[in-house]
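Here is the structure we will look at, set down as structure tokens.
Which chain is which? They are A, B and C, in the order written, and residues in each are numbered from 1.
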Amino acid sequence: MKVRKVTAAASVLLALSLTATACGGDDKDDKGSGGGKKITIGIKFDQPGLGQKTPDGKYEGFDVDVATYVAKELGYKEGDIEWKEAKSADRETMLQRGDVDFIAATYSITPEREEKVDFAGPYLLAHQDILVRADDKSIKSPKDLNNKKLCSVAGSTSAQNVKKKLAPKADLQTYGGYSECLTGLQNKVIDALTTDDSILAGYAAQKEFEGKFKLAGFKMTNENYGIGVKKGSDLKKKINDALTKMVKDKAWDETVKKHFGPANYKNEPAPQIGDIVK
Amino acid sequence: MTSVLYDAPGPRAKRRNILYSIGFLVVLAAAAYWVYTKLDEKNQLEWVKWKPFFTDSRPWETYIWPGLENTLTAAAFAMLIALPLGAVFGIARLSDHAWVRWPSGAVVEFFRAIPVLILMVFANAALAEFTDVSSEDRPLYAVVTGLVLYNASVLAEIVRAGILSLPKGQSEAAMAIGLRKGQTMRSVLLPQSVTAMLPAIVSQLVVIVKDTALGGAMLTFSELLASVRPMSAAYGANTIACFTIVALIFVVINFILTTFASWLEGRLRRGKKSTGAVVPVAAVAGTQATGAEH
Amino acid sequence: MFDFLEGYDLWAAFWTTVKLTALSAVGSLIWGTLLAGMRVSPVPLMRGFGTAYVNVVRNIPLTVIIVFTSLGLFQTLNINMGADDFTTINFRLAVFGLTAYTAAFVCEALRSGINTVPVGQAEAARAIGLSFTQVLTLVILPQAFRSVVGPLANVLIALTKNTTVAAAIGVTEAALLMREMIENEAQLILIGAVFAFGYICLTLPTGLILGWVSKKVAVKR
């Protein structure tokens, strides 16, 4: 008889949990459409200097500042912004489905992506570069990377670039995230971490790493960071206007200096809207 | 604890055991010391790296707790759906009708043979393509789908093995007093086999909790293990500290789960409903079902 | 229909899976047997170690263990497994991690096997003056192994599937290739089917063959 009770209890629980999720779903819908004056923006949560969730539960970084500025120009206050994590693999889907209004998350403009979404900007020209230990003088040009221990994130284009073009003989370690690479770099089992210089600068600027790492300054590729919007969205023009204004009133320079300055990052001048460097 | 494998130690054996113990302790201590010096040498024991977890509640509130919440949610859903589903399939495989037995057997064997990670990745991609689940909820749905498909099949095998472990006389006696097949199952076989199955079921539940972490590694599901990513990024790549803390949390959760289960098992056994048969926990091994049918 | 497979080395990926499985299986069988020996040994400290090891390792997600082999063993303790290129190092680290994890389950399977050996066997062995090691290796374990072929087969199948986690430290086995293909190609269902089929080809025969073996060698009582 006990079993019957157990089964009954289990089915009640199941039913309860299902209704609970259903309600959860409704709540979110209310917030999305009913609130009216909210804007949802996709950023990275784990990229110091660009988009990082801080221990206080706030968000910090260059992408965050640019997105906040743009949102303000679009008529939203800082409190109206709802931040969502936009992981690299999810970005196109999130835009296509309308889960976010726009995405500023180290989002390079590429022809493949432009088939699926529209880009405003670019708002930053980054390059693939390497991060080495501050006392390491053995890497002077990308060619020196051959026979070196390199690290990057699994599946990233930076990793593929190294293997295919830049230094085919380099020994490449891939991990799930950059933090593991940095631990390896500190532990001296890895010689260089490679990805966009903006991302590297964000790490090197952290107070825990001050003076420990340096950027090599190789401009191995051109990465034009854009703000992704849904295909055909009228936001594109408005965001472009906001970006132009941000560059004009020097807010752009300030925020670049604030987030990348400590890393000695020599940033490219603010790019012209629509001017994509191949 | 007395064992049949060796005699109760006399004075000489006791001395010898102490010597072995000391020798073993020395080896362990040497290994521990070596690990300690190496960690120290690489600055992994620096207080800065560990401080956030002990002096500050923010990393727990911002990164660990939300992750833990997701882990527990996914695990709870997977358990609640997989348990009844597993019971249904397990009983279906024992059906007298071939048209029930065969398809359910095929389903169970199919999902047991495929890595749960692949089920998750596939579920995630399929959900993105064919449904309108929002990208926020999709990883959770995909993780739960993968876990349910796989663990329901494993639980089905446990249920089947549990029922088969009962003496044949039980169902014969039930038949003799005129119970129908459904009644035999409900009032005779299932209640008795539950105690036999319990240890195996619990290790499968532990597997469910652990396997939620696969969703973090491959599916961008923000569970406990995945919380290491933003956390280690915020604290200057203190990866070893972060992973250690998270691993400890997993051990604690699963320890609570197993302790609760052995308490429950003890209670059920005292109720004298058991035949003493047990579906071996070990047989459930890692992420696999019982081997009772082999 | 299957032209999307072009440009991907499916065989190499699955071959890595097979190698990972085979090596870890041998390793975990040895280490698991030693652990089981410790757990039933007369030395209290070894018993304690065996119990602690099994309970801790079983409760940690495999992903954490695999990542730890790379971050802890390789990066911090400088154990490079006798190789100096990442491909080899990571492969060996993955084998090490899978062995450490799977051994806990082998140990538990063996221990339940030891429990199935009738008490009289051990008593008789002790009566003729055999030591603990002799009782275990000559009398108990040979019988225990024969009764746990079935459960061990399940451990082996689980291990085969667990090799997918090696992708976390960059070992290019089948699951990593599948993720790459899903990223790049459009035939979602077909890719899923191909990989599901691949794993079924590996796991189903293992189960069937070892199931047959377990019936063959089972001790009739």
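Note that in this section a contact is a pair of C-beta atoms (placed from the backbone, for glycine too) under 8 Å apart; a residue touches a chain by one contact, two chains touch by 3 or more.
This is a predicted model, so every value here is computed, not measured.
By number of C-beta pairs in contact, chains B-C lead all other pairings. Relative to subunit B, the most remote chain by averaged C-alpha coordinates is A. Centrality by Cα centroid goes to chain B. For the pair subunit A and subunit C, the distance between C-alpha centroids works out to 38 Å.
Averaged C-alpha coordinates put the centre of subunit B at 16 Å from the centre of subunit C.
Counting partners per residue, subunit A has 89, 176, 180, 183, 187 as the residues that reach two or more other chains.
The residues of subunit B that reach two or more other chains are 42, 217, 239-240, listed in rising order. Listed for subunit C are residues 67, 71, 75-76, 78, 167-168, 179, each touching two or more other chains. Within the complex, the subunit C residues that touch subunit B are 40, 42-47, 49, 55-56, 58-64, 67-68, 71-72, 75-78, 101-102, 105-106, 108-112, 114, 119, 122-123, 126, 132, 135-136, 140, 148-155, 157-159, 161-162, 164-165, 167-168, 175, 178-179, 182, 188-189, 192, 195-196, 199-200, 203-204, 207, 210-211, 214-215. Against subunit A, in their complex, subunit B makes its touches with residues 42-43, 48, 52, 56, 58-59, 61-63, 76-77, 80-81, 83-84, 128, 132, 134-137, 186-187, 190-191, 194, 217, 220, 222, 228-230, 232-240.
Subunit A contributes residues 89, 149, 154-155, 171-176, 180, 183-184, 187, 189 to its touches with subunit C in the complex.
Contact residues on subunit A toward subunit B in their complex (touch as defined above): 1-4, 7, 10-11, 13-14, 17, 25, 28, 45-48, 52-57, 84-85, 87, 89-90, 93-94, 97, 99, 176-180, 182-183, 186-187, 203, 206-209. On the side of subunit C, the complex with subunit A involves touching residues 67, 70-71, 74-76, 78, 85-87, 90, 167-170, 176, 179-180, 183.
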